[in-house]
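The same chain A turns up in both complexes below, where it pairs with chain B and then with chain C.
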Partner chain A sequence: MSYIEVKDLSFSYTGKRMILKDISLSIEKGEWVAILGHNGSGKSTLAKAMVGLLEPNQGTIAYDGVVLTNDTAYDIRKKVGIVFQNPDNQFVGVTVRDDIAFGMENLMVPQKQMLEMIDFYSEKVGMKDFLDKEPSTLSGGQKQRVAIAGILAMQTQVIIFDEATSMLDPYARRDLIEYIQKLNQEGITVIMITHDINEAMYANRLVILKDGTIFSDGDKWSLFKQPEIFENSHLELPFSLKLAAALDDSLPEEKAVKDFLWQSISNT
Partner chain B sequence: MKNIVIGQYIPGKGLFYRMDPRTKIISVITLMIAIFLLGSIPQLLVAFSVCAVMMWVGNIPVKRVIRGMKPLIILLLFTFFFQIFFNKEGKLLLDEVMHVTVVSVLGIVLWTIIWRLLARIGKFKTVLLLAYIMGIFVLFRFLPFGYSFTTFRFAIYEKGIEMSIFVIIRLVIIISLSTVLTLTTKPTDLTQGLESLMRPLKIIGIRSEDFALIISISLRYIPTILDEAFKIMAAQASRGADFAEGKLKDKVKQVISLLVPMFIIAFKRSEDLADAMESRNFVPGKPRTRIHELRFGWTDIGVGVFTLAALALTIVLKVIG
Partner chain C sequence: MAIHFQHVSYQYPSGSYQFYQAINDISLSIPSQGEMIAIVGQTGSGKSTLAQHMNALLFPSSGCVDIFGSTIRQKRDKKISYNHLRKHVGLVFQFPEYQLFEETVQKDIMFGPMNFKISAADAAVLAQKAIVQVGLDETYLKRNPFNLSGGEKKRVSIAGILALDPDILVLDEPTSGLDPKGKSQMMELFTAIQKQTDKTIIIITHDMDLVYRYMDRVIVMHEGRLIRDESPDRLFHRKNLAELHLDYPETISVLAAIKAQFSLDIDIYQKDMDAALVELRRAVGK
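Take a look at the complex of A and B:
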């Protein structure tokens, strides 16, 4: 039994059009999974269902053997947190300190302990000097880092990033991904919902959603060797992969170029 | 829009900054009651000097307190003239016949135009307003020429002057007290103080926590939503909308074209925010701990004792007087 078990999950807002159809997914502790899909593939709906914000019509989601229901949602949200797309719309506190504290306040953590945790986790995401700052003075990337600190302070094991970098500039995006890499190395399970294949490259495992179903699921290198999967699910391959695929094996010089390209992408 | 300031709070150090917001709120209310119990100008003057000393001790910038009174100058003037015109007790001090004639009415129309033109410069507005009012008296009094529509008597009584000064000092003290509160207390602390004080209202079903959360989220989102408004305005201006000019009808239309997207965005935001709060285990009505805990200190005890003493003294004065 894996740490996260999604079984035959189906969801529909109206009861007519199914947004998610029979999704089954097992995720181990410490994994980094990218859930990839174009607009309308149901990936954000899946993310919301996984933290209990939406109630599935069918199927179950279980964390560590505990099935997510209205009664268990409170306890499960201690284990799993979510960072949303819009940095502004998830910043609850008046200051950075207040925002990191928000989740802990809900968990009834004593004040003294909260202050220690805020110190520790704000340091970890590089926001310690900004504790008294108001959100309107922060950049999008800084706000997302505060959101991560707030979730970590709740002692979560799993963080879902629901297009968390899509509203950031390229530098802030790379920065945030570096933080996520660090977290993953420390054992946090990362589920990254994205439509950006370059971002999905950081994951070890890709789950491709198409029209509410899992189109393919597997190790990224095995999937990259089948470009038709990406074409069929309206996703663009990274430029380097496209180039590599386009080059012909027959010419030796090109072979060298191709090898070099494969080398360079496996280093990213 | 990075540096928008909400509320009047100015960061600083001093007696009032060290106090618990609850003590401050209760003290201000108590002192206001005490001020209303005082019955004569000398008593009010003593209270006024006590307040002045308090502000001096607390390092409150007097300029800011005076600035806090500016929006209320119309109210002050109104009470002043109301008392002067309608209080007809005591000795008669002044009794003049005023003439409403063709010349004086024309003079007043002209005077009004001059006043508006001068006011457009923007400086000394209050002084100008006072000069304008004085001017009207002068014109009515000293221009009894031409066809006379009617005449009326303008009389000032001793009690009228006394009461108007009395009411004004009282208002000034009350405004400065509340300004001291808002100058030295962050809006968030103020909300938390109010929340804590309103907690007993739970008996009648009002949850003060919800109220405080609503206020603090509103405070947090004011800059964000303002920013949004400027973006939409810029977007509309880039497509030819003109916010500065046009008739009132056009302006109303433009405001509506601004409000509709603002509301849609605000609803979207609140939906997202609700998701974010729920995912971080917020459950309405469930008890929570607080990152900012309110604590009473020695300053609070001192100020509390002072406030109660002041109230007791005014009650005694009221009973004796």
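Take a look at the complex of A and C:
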């Protein structure tokens, strides 16, 4: 059994239109999975269900063999955290310090230990100099780092990023993604909800949602070789891969350019 | 000129949001007709501050802004209503949450027109038209805006401005949070509106592919100053964009890499996939 097991999950807000239909998904510890999908494909709903913010109509979600229910939610939230799209929606503290402390306070971590943890994790995300600042005075990228520190401080093993970079500028986005790479190398399981294929490039595995169901699930390189999968699910491959796909293998000059494009993208 | 900035500077009061950048000595003219204008620059370069001067949401600390014949100076004059300017210049914020507040999508879209004394019946017709324009169907009108997805909220906030039918539209990152298909649909919609009505449309964005493909003019902000005001073509021919924290469009950067690798005689300044492919085939076929 995998560390995360989503089984036959269905969800509807109204009981009529199904947002998620029979989603089953197994994720191992330490994986980096991108959950891709068009607007309205159900990807954010899936993320919310996976942290217990929405209760599925049907199906189960389990972490390390423990099924997520009202009774287990408290313990499971120590294992999995979520970073949202609009960083303003997740701040509760008056200062950055309060904010990082919030999760630990709920877990009743003793104060001395809590202060040490705040120091350690704010340093880790590069925000130690900002502990006395109000979260509202930070930039988008800084806010997301504070959110990550708050999650890490709870010793969380899994972080779900729900379009967490979509409001950042390209530089802040690359910065945050590089940081997430570091976390993943340290063993944190990363689940990235996105419709940006450039962002999904950092994952090892892609799960593509379309209209509330899993349309495709596999290794990113094998999926990239099938451009029709992306087209049929309203996603767009990076320009270099689209160009590569359009080139003709039977012409040596075009084949050379194609190979070069593939090679450059696998080096990034 | 519809909007005219003369040596406009603005400093935020100390202690407020520090990440918003002051702007410095901006002079700029924007016509009411015929242009698709992009404002680009890294976070904190002053783009949003500049945009908020375009319909008197902010008042300059020095200099003045003429907006459709009204001159906006340092002090907000309590006796003057600036409301009519918002009929001339409609602004859509980056985060739709700051703009949506009614209990149904329909009420939200009708709010703007009704504020300008359009009857509820007429405003409802405008809402119906606007919701379809932004790619949603009429069933959305009865829904609660807060239960919508990020992309849907974005569309509703844009519909609200379309229903108001201002002379100039200013949109702060109208495509962030939209999927690729939604992004091109939205840009096609703006292009169509621009063509049909000849309105000026101003878009703040980080997406250089979109700038290259759809815009006529690009304004580059850097550390609160306006440092470039030119055509996208001219901007992307420049070598030092990284210094300004700007990317090149993907078409240009990928073709440039191919050109360097294969020493090809190729024109890398292509705006879309089809044109890039034709040019690449021409170059390798030789």
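What we mean here is this: the second predicted complex is superposed on the first by the 268 of 268 C-alpha atoms of A that agree within 3 Å, B and C clash if a C-alpha of one lies under 4 Å from a C-alpha of the other, contacts with A are read in each partner's own complex, and residues count from 1 in each chain.
In this text, a residue touches a chain if its C-beta (ideal position, glycine included) is under 8 Å from a C-beta of that chain, and two chains touch if they have at least 3 such contacts.
Being a predicted model, the structure only gives us computed values, none of them experimental.
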Look at where chain B and chain C land on chain A after superposing the complexes, then choose clash or fit. clash
In the overlay, answer first, second, both or neither for which of chain B and chain C A:7 touches. neither
Examine A:107 and indicate which partner it touches, taking first as chain B and second as chain C; both and neither are also allowed. first
Applying the document's definition of touch, where does A:86 land relative to chain B and chain C: first, second, both, or neither? both
Check whether A:115 is in contact with chain B, with chain C, with both or with neither, and answer first, second, both or neither. first
Which partner does A:128 reach: the first (chain B), the second (chain C), both, or neither? neither
By the touch definition at the top of the document, which applies to A:137: first (chain B), second (chain C), both, or neither? both
Does chain B (first) or chain C (second) touch A:98, or do both, or does neither? first
A:21 in the overlay: touching chain B, chain C, both, or neither? Say first, second, both or neither. neither
On chain A, the footprints of chain B and chain C overlap at residues 86, 88-89, 136-137
Partner chain B, residues of chain A touching it in the complex: 48, 51-53, 74, 77-78, 81-82, 84, 86, 88-94, 97-98, 101-111, 114-115, 118, 134-137, 150-151, 154
Interface with chain C, chain A side, in the complex: residues 13, 37-40, 44, 85-86, 88-89, 136-141, 163, 166-172, 195, 197, 234-236, 238-240, 242-243, 246-247, 253-254, 256-257, 260-261, 264
Residues of chain B that touch chain A when the two form their complex: 1-4, 188, 216-217, 219-220, 223-224, 227, 268-269, 272-273, 275-283, 286-293
Per the contact definition, I'd like the list of chain C residues that touch chain A in the complex. 17-19, 42-44, 94-95, 97, 147, 149-152, 176-182, 206, 209, 245, 247, 250-251, 254, 257-258, 261-262, 273, 276-277, 280-281, 284-285
